[in-house]
């Protein structure tokens, strides 16, 4: 249970620190016969690339992925797909001052408590760069899902206190503004808010939403491996996530059964069944119901801030810290693709589990 | 990945339907040498027992647990602890009308889509009775944790729209009112609200909070098996949970780094380190930081309501349904102990993983 | 990794000791839609029943199985199948003398070293009765396999020094003689040999062979979860197994490539491919090749013998022991069905894994 | 269950084909604080290096390992250790003739049956080069074990029909002769036998034995994760292994309980307990008993031989094949270190599991 592997049938194992040789992932269990090339992966990695606006770290990270195994003549072979991104732009000395300090809001202290040793450079394994392996692995999963007619759409619904207005929802906006918000006006407001945060050497949080369409009804295992439970683990395993909800989420607490239940209705003359509403977010009893799967994640403000903060040294002495460095004033825009990729891995893993759910699937 | 097993080192496997012979759990990996008797388990099961107030189902469920293995002369032996509760009060015929109907908000439709067959009596495996195995297994975990100085306190902070006032927080109230609310006044308001729901043949949701004290710093694995990620899966695997958050949770979206970070400070002269605040809810980078672990779960309104709802038959014909039966107008009070038990299993499992985190632990 | 669960997609979790309330198994991941009733299981359990000849223990164990969950109106529902056999004929006091003694060849000493506590009655969890759960779970797997056209044939090829003559192989003999030998003459010789062992208060070992026909080519994962590697774990996890081999097994050490390789040949005009010989035992590179899968397991002599043996007390004092009790002079005949059942679980588990091996299987 | 991961607490995930960019392993769960450098790994990899005698393939494989993560300032940090060996000497065109042919004794046919696609160059994922990741991961495990006072000694006891004479056992010989035989005379005989095989364009098999000393009593889980069962999976997962046995192994079939049981005796005045003999090979009931752990693996003759063999094309047409290439006439000497490394991973994984076996270990 060493914790760097996720998934059972479709499985990713990530490795790497922000200041080592590189970071990567081994994807095991990918079905054979998928067309796959490095640009399929790079497209996803570029979405988490920093340096694209003033609201992300000015660090330049080329983050070029290499596929090292598992693909032969352009097709996956069913054997492990190993992918790697080399680290090229580390300024390890920038972090020397952190060797004996614990940054508030970071994992410095807890890593030391667990392991008795810590790579202090850039957060080591707890760095945001750890997500490179997740994104590379998720890009593969997303490509398999696309072949099955399943698509994921992910965006920010809130940046600091600024929320999108659903009446202005425009999916083309998502890749057009620096916040991945599907609402141009909200994005403008968010920019103003972030400018203020930066001026105050502070940082902001936000909320990411993901909508997955095309998942057939029947995916997810009934008890501990419910589709929403596995999504919860997947999304909560992303650093900085502090909340996760499906469908109406926390709002259900104040709702009534009569308003929260989604009525089943006939889908035209087809004999098929659909739901009239989707308060459930596409999941009933932990199993997909054929409606779009909808979930949200709350992302905390970047803990690295320029403002002076109280902290302690490794030996317990009080001190203060002002984190200069090259840090994102907000993580949300870069986390959008990470959320999408973890969701893709989860859905695919459970779709593969589902292949064995009926005897007739084995008999043919 | 059949989905009825949770945990790696401390592992529970549950089984059973609401209208079969019974329900149970196999606890594997429990450390040897723990004093354990049936009353240790029964105390927890009694907390989820229905029929204790007008706000829970009038079904009488004795739910007496039997320990079938793994305990010898009053001590755990390290081998699997099998526990079982027999079903005694099933009215299977009550459910005959549901054989070919899909209840809104329930898993009837999705089970049929996954398996092509469904035990329609009382929800079968998706019944709330499925949690009996979780509670029995969690009671064992909680007893191990208690031996390690770790305690869990769980209660409702919201029933429908009624929230507790933290100034009136009184832990003695939790077991005194029918809603497990640590605030007597809020409990009274909740009663009024629930009376109204019942009159309107409707149901209500709520929020459960859990605080775990005594967990040493260092528990949780850094990436996919983060303590909060595994808690998220554990809690979201409970039917009816639609949201999960740790520490400040969704509120972090609107916060700033300067207010959200918890400053580290020296703990007196001891050389120990503590945090000045606990916005993080006791977890940093997925690893416990020694502060209390705090999380909340949003519980949806009971989907079974007396009011008429639109639905479809198994073959896709429109119809209506009014669910008479013997159902809880609110699940929250009975779910409190389930949340606590799943948390206990998760914490213990990761504490056992943590034993191997340093070379020196292996060398002795 | 508590060790009482085997399999990933089709998964069995066993529990129980020889002198507790009973023993059982939870089968998780069984495909929905299989006809299953208690007699399907009982048939297998009866094959491991003692008291059927003078060569097995005279203990009477009714070993009636109950299905407690997972079957609805005669069909599996895809949810966990819990099965239990109650203990009815324990003579716990017979074992009182063993409380502070370590029996040679048994797990008494090692359980104490691992757990610091031990249920000394009848070996507790290390008793041969532990296999009841395996057999009940394997009977379910075997029924699924039968639906897929896969059959398992298991028998003894050697009892003590007596080996079967393959020219006399007669499968009808297997269930006709007390040793499950497919050779009536060898069985007679074995009886004479066993009579002598019993007279000398001694015990004997043997070899069990299993042939599995109908497994399609392509089952098994390439590296650590090779079909033969998982079979090796499954079979070696049965107490008393000290050797395992596939196809020509240990004889390959002295063979040459030219004689050991199986030539591929066209299968008539069909365009299909078959092998001319089957030295490989139906597995190439860890994946089934469509030929019968053939393996053997070496079973040690029953460690419980009436003859006086040297041993020590729990506190390290030298003493002697003569085990009276009601013990099998040979385990082999009763282990035959256990071997078959563990093989069935393994094959089915990997067949389910195999469903996800190609993209096209997911797309439909 | 994609099959490229082994172990639970200490876990290796391997990747790579013989003709891709390289091969590697991710080691997850390695305890923090171990001194580790590339030469620690290289020493083990060099033991599997070809080209060291006329009895191994003349291919030159530098096989230089790089540690890419998980080590900081010379110590393991508890995070994943990623290691990689680049492929440098591939002659992919040599294999063009094999694109549409199935080599007898190889996994070509079964990979095609499982995945519908196959990297035909050098066996792809089923190449012997796949073991590079196992050896690199096992070298780390062996270093942890060495810190705990545990050592592994592995050697060939049989090459073709030539067996070592235990009276001549000389451990210094193991690294001195090309067959890793601890008997100089047997090695000379083996050389003569291999010369003859090579002349006849044929190949030979053999037997490898491993002795592990220093493992404390109590390691191994009682049922499916018995120490010998996990070793069986680990060793049988190595390509070319067709048999596995522990202690007296297959010889127990003909033995009696009185001769096969190991008597317990007091270990001097110490109050400690030891065994008078070690027929059990250091494992009782699946748990280590403190004696040396002894097991053997049977290795089949290299399937690639120069002699003409019958086979079929991918579309089922009969043809013949003579494999020129650069192949080992015997795999045994290079497999010795692979066996040792898989054993090391298994032992360490179960030692880590064992940390949680008693309540008192958690309480401190």
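The letters A, B, C and D name the chains in turn, as written, and every chain counts its residues from 1.
The rule is simple: a contact is a pair of C-beta atoms (placed from the backbone, for glycine too) under 8 Å apart; a residue touches a chain by one contact, two chains touch by 3 or more.
Because the structure is a prediction, the values reported are computed rather than measured.
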{"item": "Comparison of B-C and C-D (more C-beta pairs in contact)", "value": "C-D"}
{"item": "Most remote chain, CA-based centroid, reference being subunit D", "value": "B"}
{"item": "Centre distance in Å when subunit A and subunit C are each reduced to the mean of their C-alpha atoms", "value": "45"}
{"item": "Chain centre separation in whole Å, for subunit D relative to subunit C (CA means)", "value": "26"}
{"item": "Chain centre separation (subunit B, subunit C; CA means) in Å", "value": "38"}
{"item": "Subunit B residues counted as touching two or more neighbouring chains", "value": "1-5, 8-10, 14, 29, 32-33, 76, 78-79, 114-116, 125, 222, 353, 357-358, 360"}
{"item": "In the complex with subunit B, residue positions of subunit A that touch it", "value": "1-6, 8-9, 14, 102, 104-107, 109-111, 113-116, 125-126, 130, 158, 160-161, 197, 200, 202-207, 216-226, 228-237, 239, 241-258, 260-267, 270-273, 276, 280-281, 283-290, 298-305, 307, 309-312, 315-318, 349-350, 353-354, 357-358, 360"}
{"item": "Subunit B-facing residues of subunit C, complex", "value": "1-5, 8-11, 13-17, 20-24, 26, 28-30, 32-33, 66-70, 72, 75, 77-82, 84, 114-119, 124-125"}
{"item": "Subunit A to subunit C touching residues, read off their complex", "value": "1, 8-10, 29, 31-34, 76, 78-79, 144, 147-148, 222, 351-353, 355-363"}
